[in-house]
Every structure is written in structure tokens, then in C-alpha cells.
Amino acid sequence: MDAMMMDAVGKDMMSMPGMDTMDMAMMQECMDACSACEQACTVCSTQLMSCAPACMNCADMCNTMMRAMMRMQGMTPASMMAMLDACVAMCQTCMDECMQHADHSEVCKMCAQSCQACMDACAKVRAAMMSAA
Amino acid sequence: MDAMMMDAVGKDMMSMPGMDTMDMAMMQECMDACSACEQACTVCSTQLMSCAPACMNCADMCNTMMRAMMRMQGMTPASMMAMLDACVAMCQTCMDECMQHADHSEVCKMCAQSCQACMDACAKVRAAMMSAA
Amino acid sequence: MDAMMMDAVGKDMMSMPGMDTMDMAMMQECMDACSACEQACTVCSTQLMSCAPACMNCADMCNTMMRAMMRMQGMTPASMMAMLDACVAMCQTCMDECMQHADHSEVCKMCAQSCQACMDACAKVRAAMMSAA
Amino acid sequence: MDAMMMDAVGKDMMSMPGMDTMDMAMMQECMDACSACEQACTVCSTQLMSCAPACMNCADMCNTMMRAMMRMQGMTPASMMAMLDACVAMCQTCMDECMQHADHSEVCKMCAQSCQACMDACAKVRAAMMSAA
């Protein structure tokens, strides 16, 4: 996301309980990882391999997660944590499926890497929220 | 959803670990509740009241949940439970916001009712999965 | 959609230029057809047949169309017409793909029928807008 | 999008009638513009100004457009053109709304710029498809 837009998002995030000390660079990293994962999963699903349903589910969850982070006025710490957990779990499921084809599909390999990166970014935000609470 | 289509979904659900004893009528009820909640939240968000960001988040989460239930081949029990938890949490957040305007907005009142129905339906599926595991 | 919710949507639609004479039952029929088509396409795509990418595209377009009809305050006659055209074209593409498997897949047959119904409903709304303009 | 992922997308695009001579850099630019516009519109909609319903519609249309470009196996030239037209029209509607607040909202100004960029990118792809046909 554009730096000025991120400023606008950041101001709203700060106003959420337990978010006033959040690192905005970390939040932006997480939104970008969600966006990249949605895109990788969308492409991967077109291969019509057995991972495709997991990829479609993961693409939707990552988009929903990214948008929620851009609309923090509509989140509570409880719903935010639950959404992050769901995004991590969905990325894990998709990564596990794609790793079964990683040896013979470059796209699956890239998709699995995007899932791992998204999981890591979501876990990092979750940990920061926990320590701030 | 159409009955014949539900049959097709049902056959795939049955093949998922811990889902072979699932009540398909209960699953269909949950998908319908997610769909109804997405629609109510989408309408409610256009009022531009303070609940709108929560409504938008809830609409996206409910759509993602509904689609995941239609693509159970791409879910594991772990990701399914985490998604159900996230959907319940997001509906709770949205309902709490809308209840603050329920006295003077019929749309907020209906939106809150849809959130409650979606939460109940998701919790029921979750409980059934727990007892089957 | 629930009748009271439809009333709320209807009031906003009426305020759009060229929409004051719109038949709300026809609009609701169209939103329901979009929702049904999104669901059929989502299920159909999990079969991982050659129609799957078209089904995924159609599911997304139908959801976007449905939501836009629920947020008419954010539409103009021009964008509404263009969206209806895109939804009709996407449903046509998906139906053509699914019809190639309709003989040996009940799900593809149902998906094609949902696409046809959605096309018809969108074309009807478009025609009504044209005659009202 | 990642360069290797773009290669995978590119191979599928090439196989579509009238797409074999498409400039993949132009396609990637368009997908990136759709993604950026979805994000800007999502943030802008949280301001709950009068542009919000248009912003929500535009965010959904841009996401649907981006995904369709990543799933070109499921598109025809006709559905692709109609979707590009719809995306251009929706961006125009959103930009017109946001420009009314551009003087006193930096976010609306940025959102309008993202809409313009997305319109331009979609129009460019459309023109290239027309000249290739």
C-alpha cells in the first residue's frame, strides 16, 4: 500500500484498544503478505490440481483478512485475534496441500511460500497484540 | 441452496475426516445463514452509521465462510474450526455495533438478528464437529 | 432476501435517476439469481473440471453484481448497465463451458441452469432501465 | 505480482484467442492497478462519507477484475471486454464521487487517483485486445 494511504489507516488503528502501540510497518507487511497470498492462491487454483479447493478458500480468507486490517474501526481485539487465527489455519491447510506438489509444480511451490509468509506475518501481528493487551 | 446442489456438496463433505456423520441439513442451514448475514450486513453498511466498517468486515467473513463450506475438500478440521470461530467472533462484533442503533434503525435491528442467527448456526456446526472428533 | 430488508434497499434504489419506476420484485429476483449463481458456480468449481476457472470468475462477478444492487447509492445508470452487461457476459462464458459437461455432470448441468437464470434476470433489469431512461 | 508467478499466468493468457500477442507487462500493470484500487477504495469507504457505497462497489469490482485476469482460462474475449468496461465504468463512478471531497479529504484524493490509474490500465488492455482481434 501507498505510504500516505497507510498513514490514514494507521490513524484509525491507533484508536483501537491495544493497538496504540502497534508497529504500523508490521501491519502493512501483514496486509501486503495477505494480498500476495490471495494472488498466488488464485493463480495456483487455476492449475486444477488437488490443492485447488484449499487455494480458493485461502484466497478468500486472505482477502477478507487484508480488508479487515484496513477497516480496524470495525474490529475488536477478540474478532481480530480470531480472524488472524483463521487466516493462519487456512494458510497452513493450503500450504500443506501445495507442498505435496511442490516438486513438480513451480506454481505450487510459490503458492506454499506465499502461504508461509502470510502465516508468519499474521502470527507476528497476533503476538504483538497479545503482548500489548 | 438447491437440494440437488446440496447433495453434490454433501458427498464431498462426507469424505472429510470427522464429517462423515455430519447432518447435511444443519450444514445447509449454516450456509444459508452466512448468505443471509452477508446480505443484511451489505445493506446495513450503506447507511454509513458507525456500525458500517464492522458490517463490511462481517459481510466478507460470512461470504468466505459460506464458500469454504461449499469447498470442504479444501478444508481440514483445524482450519474449519478456526474459520467458524472467526465467523462467530466477527458476527458478535457486528451485532454489538448494530445493537447500539437498533432502537432507531430497523435495518440495524435486522442486521443484528442476521448476525445472531449466523453465530448460532456456526456454533452448532462447530459443536457437531467437536462431538464427532 | 428478507422482505423488510428489501424495503430498505428499495427506498435507496428509488432515489437513483431512472430507478424511481423500477419494479422492486424484479430487482429482488435478480439479486436472488446472482446469489444462487454464485453458490452453484462455487460448488461446480470444486469438481476441478475444465469449466472451473470460468466458474470461479462467474462466482466472483455474481457476488459483485449482487452487492452492487444492494448498494445502489454507489451506482450510476452507466456503471449499473456496464456491470449488468459484464455479469451477463460472464454467465454466458461459464454456461458455455459447463454445457460441455452437462451430459455427464449433474453439477455442471445445474450450474449452467443457474447461469442462464442469472443472465435472464440481469437482462430483464437492464431492459427495464433502458425503457425507463 | 512476483515475476515467476507472472510467468505462470502469462503462459495461460497466451493460449487465449487474441491474447497471444498481449504484452504481459501491460497485463501485470493492470492487475497491480486493480489491486491498488481495491485497497484505496476499501480504506476510503471507512470514512463513511457519501462516496462510501461507490467505493465498496469499486473495491469489489476491482478485485473481481484482478482475479479474472489471473484466471484467463475461464474468460473469452467477449466476457473479458465486458468486464473491463464494467471496471472502467465503476472506477469512473467512484472517482466522480471521491472528487467531490478531494479538497478536504486526502484519502478521497488518493482514492480518486487510484481509480483513474485503474481506469487507464483497463482501457489500455482493452485497446490492445481490440487491435489484436
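Order as written gives the chain letters A, B, C and D; numbering starts at 1 within each chain.
Operating definition for what follows: contacts are C-beta pairs under 8 Å (C-beta built on N, C-alpha and C of every residue); 3 or more make two chains touch, one makes a residue touch a chain.
What you see is a predicted model, and the numbers here were worked out from it, not measured in a lab.
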| item | value |
| --- | --- |
| Pair joined by the larger number of C-beta contacts - B-D, A-D | A-D |
| Chain A-chain D separation of Cα centroids, rounded to whole Å | 22 |
| For chain B paired with chain D, centre-to-centre distance based on mean C-alpha positions, whole Å | 29 |
| Contacts with 2+ other chains: residues of chain C | 45-46, 52-53, 56, 63, 67, 71, 73-74 |
| Graph class of chain-chain contacts, one of line, ring, star, complete, other | complete |
| Chain D - residues contacting chain B, complex | 45-46, 48-50, 52-53, 56 |
| Residue numbers on chain B that touch chain C, as the complex places them | 1-2, 4-5, 8-9, 12, 31, 35-36, 39-40, 42-43, 45-46, 59, 63, 66-67, 70-71, 73-74, 106-107, 110 |
| Touching residues (chain side chain D, partner chain C) in the complex | 50-58, 60-61, 63-64, 67-68, 71-76, 78-79, 81-83, 85-86, 88-90, 92-94, 96-97 |
